[in-house]
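In the two complexes that follow, chain A is the common piece, with chain B as its partner first and chain C second.
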Partner chain A sequence: MGRQVAITSAGFSEHASKRSDVSMPELVNEAIEDCLTKVPSVELDDIDAFVNGNMPAFEGSNLPELWMTDWMGARNKPLMRITTGGTTGGSVAIGGYYTVTAELPGIDTVLAVAFEQQSQGDTSVGLASVAYGEISILNSLGISYGQLNRLLSGGAAIGVAAYQATNYMSKSKITEEDLARVVVQNRRNAAKTWWAHLKMPDLTIEDVLDTPYIQYPLRYGMVCPASDGAVAMLFTTEEKAKDMCDIPVYVNGVASVANETAVLGYDGSGSAQVDPSAQIGAMKSAELAYSQAGISFPRKEIDYAEVYAPFPNQELMWDEKLGLFEETTAPEMYETGVTARDGELPVNCSGGVNSTNAIGASAMERPAVAALQIMGKASNQVPKTVHTSIGSGWGGSLNFITLMVMSDEPKRKWK
Partner chain B sequence: MSKQTQRKSMKYEKKEYKKTRTMEANWYLSSYNYKFNITHMQPFLKKMKQKKLIGNKCSGCNRVFYPPRLVCGECLVKPDRWVDIRETARVATYVIAYLKNEEGEVEERPLVLVQHDGCDTTSIAELAPGVDVKDTYIGLPVRAHWKDEPEGGLEDIEYYDLMEDDAEDLQ
Partner chain C sequence: MTEKVIEKNKGLVKADFAFWVGLYMDKFYDGFEQKKIMANKCPECGSVFVPPRKICGKCRIKLPIDENWIELGDKGKLINFTRTAYKVSDRRARKSKSLKDYGMVQIEGSDTAIVYPLIDFEENDLKMGTEVKIQWKENPSGGPSDIEGFVKL
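Right after this comes the complex of A and B.
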């Protein structure tokens, strides 16, 4: 393993459905400014390298990093760009971690930026272009476009996530009320977070259940919004971190796991992920990251979790798959308030992806919030002291998982 | 039905932003030529013409793929043994879509993925027209309904008929 990496700051831009007042580089600049004001001793000159990422197909501007080099302060410095679909943000954060831990000569401090301005383009068209290769193969084998359109009729990611929801609901025997409860917790939390998008302080379960179905079992009220927004994170070495802020957050474990696709198979073949909610990839990523961080009892040792969940069923499912709760017990935890802000194990106090979803940025907002909760600088700070937290990401056809484990103590060295 | 179509917006705290200049632009995408290996599909498509279902079996992990797959991702070998697959299947997972039909009315239709008996994969399928959405559940037994004259394509199975659930007999 390379050297120890620390996070010293994280910043956000304001998120809204249409940030009509700023262009894409200005949006990114907003997040960088918020990130650097939290560490007054750091100037732009102190940053040695940059990692940048978004999903270009959603906004219709290819190679946006060329446009925003100056806006990021990256002139004459190394700049790397990462795009991995839904997990873009998670991969950008992991990219920042790798750049520091690699001990490259002269590179100590790295700024990672992830952003998305979805109001510029059409997300459904962007997603269709991603799936088009697979769909045209099925079409060439005799399945009509009409049937394929119906398969993806939910639009965007709902088309595949709804299958997962049916499976999870029948496995854990929950009703839509349990799903609505998760949404209510998230959106009420979002109301206390300054940068969140869907702020609904007075939302009730009845309000959510009153909205029409988009695709059974997911209702309009349960589905994530499409936001414009950006997020920035500052990674540096253990020694430099101590000068920059009071409580540096150490990255103790990262994992990025690709599993077989669910719902759509490869090259027109069937998918061997018969149960889309089985999520072996998520369990594998948890195993990898926790073993790096030396966590043997995740339920006891993790104090705070940010789970990438655009849909409420996914939040319940990933809470279980990442080892926070026993299988099928997550709905009870939301009912009894264990996951609330003042509960035993708070989950998604920023409102989660369910309230704010700027796709490229979303998966990086999770580790960013989780790090700020340890520093005590988060917008909706939990009352208890957070020592260890996790931030996860999800993407692809239900098959890519990223995970980052952070702590206020450096990794234990086993010798 | 009307309740399903109406879009009820939810109240949330909105902030008004000033408007900067907006330019409209389009991407005129050219056509692409995706490369795709079909050799492993040929025996399967030939059998479809005779109203028979086959899948290929990986000799490493013994998984049966239907429709066939070129390479098994777990064992990294080409599945080379062909095995017969039954016409009966079970619904592995489903959702309900709300789509407008030609007359402009919203129709509830179940979208299903089925797992054929004798294979380890799911495939895209349609249930017989007129199936009540409330009857759909995970594990629902169904049977393939063939076209009158199969042409050797995945659409030769027009839809899946419901079968009587024999689960009680097993008790």
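Right after this comes the complex of A and C.
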């Protein structure tokens, strides 16, 4: 194992559906400025290496890291680029962690930046490239276009998420009202987060259920927006972290697990994986990251969770799969207020991906908010003291999962 | 059971892309309306940027939006070039009937270069260091194509 890694700061740009007032590098620079104002002793010059990521297919700007090199302060410094679909942000954060823990000579402080300016391009076309990639596999298995029994790319990501939602709903026996309740909690939380996109302080369950279906059971009012935005996180060593900020946040577990996609299971029939809400990948990533962090009872030991969920059914499902609640009990937790800001285990107090989704940045905004909650610097800070928190990511065809476990205490050492 | 085709798409998948120029480039293109080249200067190392930018990569400092602006002339020198048989912006008929020249030009007084077509250049003229001048469009509207290209001095 490498050396202990700490997060000392995280920053955001303002998120909106169209940030046409700034160019892509300027948007990224906004997040970096916000990140560095929280650690006054650190300047751009003090950063030793950079990790950068987004989904270039969504904006149509290739190699954006070269365009924004100067805007990140990365000229003549090591720079790594990562793109892994929806989990891009999670992978960038994990990349930042590994760059520090690797003990490379001269590299102690690393700035990780993830962003997306979706209004520049066409995200649906970008996402279609994912769906079409799947189709090409099906074709090679001998299944023709005519035999495809689903609308794979219907409404972009909803095309695959809707099946996951119905699967989960039949398992946990919940109604659309339970889905709407999750949305209401998220959008109201977003209203208290300065950088969030969809702020709806007065949203009610009835309002959500009053919107039309995009694809059953997901209604217009339930799905995430398409945002422009950026996030930055500062990783450094245990020793340097103590000089930079009052409460360093230690990264004690990271995991990135890919499962076989259930989409292949449907159409390829014969594949082992047919239930997109089974999420073996999420369970494996939780197992891996918690074992690294020495967490045996996630429900008791984790104080705050940021779960990547563009759709409300996913938030419920992943809460369970990441070990926060027992199977099929998550909807009840939202009803009884366990997951609320002042609840026992607050979830997504930033409003989550459901309220703000700059795709490349989303999976890094989760660990970023979770870290700020430990520091006590989050925009919608929970009233209780947070010792341990998690931030997850989802991508691919519902099958890539990233997870980061953070704590205010360094990792327990083996004896 | 009868089948009915509701919608049929015979065309190619089409995706539109935009390019937000941002705060600093906005001032640059506003200058085009008066046929002016606006640049900004780093107060620390003195580098002059065309087009203007927010951060000096060398000094890693922020250049404030309302300071350090300077106006440059329309002359410059060729620092790199290419000759191609393809059109850059037309996707339907990409092959061009004649060869096109494109050049990177360093505007006099600046430390960076911009890329535009080179107009009426012979093969012999394509040399690094050739002195060139901006050819403005007759009615500039504040966009990138207000500069038609560069001509020899």
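Criterion: the second predicted complex is superposed on the first by the 391 of 415 C-alpha atoms of A that agree within 3 Å, B and C clash if a C-alpha of one lies under 4 Å from a C-alpha of the other, contacts with A are read in each partner's own complex, and residues count from 1 in each chain.
Note that a contact is a pair of C-beta atoms (placed from the backbone, for glycine too) under 8 Å apart; a residue touches a chain by one contact, two chains touch by 3 or more.
On a predicted model such as this, the values are computed, not experimentally measured, just so you know.
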{"item": "Chain B versus chain C as contact partner of A:G60, first or second or both or neither", "value": "both"}
{"item": "Touching partner for A:A10 - first (chain B), second (chain C), both, neither", "value": "neither"}
{"item": "Partner chain in contact with A:S23 - chain B first, chain C second, else both or neither", "value": "both"}
{"item": "First (chain B), second (chain C), both or neither touched by A:D210", "value": "first"}
{"item": "Chain B versus chain C as contact partner of A:N167, first or second or both or neither", "value": "first"}
{"item": "First, second, both or neither for A:A191, with chain B first and chain C second", "value": "first"}
{"item": "Contacts of A:V183 with chain B and chain C, given as first, second, both or neither", "value": "neither"}
{"item": "Partner chain in contact with A:I302 - chain B first, chain C second, else both or neither", "value": "neither"}
{"item": "Contact breadth on chain A, by residue count: chain C or chain B", "value": "B"}
{"item": "Overlap of the chain B and chain C footprints on chain A, listed as residue numbers", "value": "19-23, 60"}
{"item": "Of chain C, residues touching chain A in the complex", "value": "13, 15-25, 53-58, 60, 62"}
{"item": "Partner chain B, residues of chain A touching it in the complex", "value": "14, 16, 18-23, 60, 129, 133, 136-138, 140-144, 147-148, 150-151, 153-154, 162-167, 170, 187, 191, 198-201, 203, 207, 210-217, 220-221, 260, 263-276"}
{"item": "Chain C partner contacts - residues on chain A that touch it in the complex", "value": "19-26, 29, 33, 43-45, 59-60, 69-71, 73, 75, 117, 119-122, 125-126, 128"}
{"item": "Of all residues in chain B, those that touch chain A in their complex", "value": "3-8, 10-15, 17-20, 22, 25, 27, 29, 34, 36-37, 41, 45, 55, 63, 65-70, 73, 92-99, 109, 111, 113, 115, 119-124, 126, 133, 137-138, 151-156"}
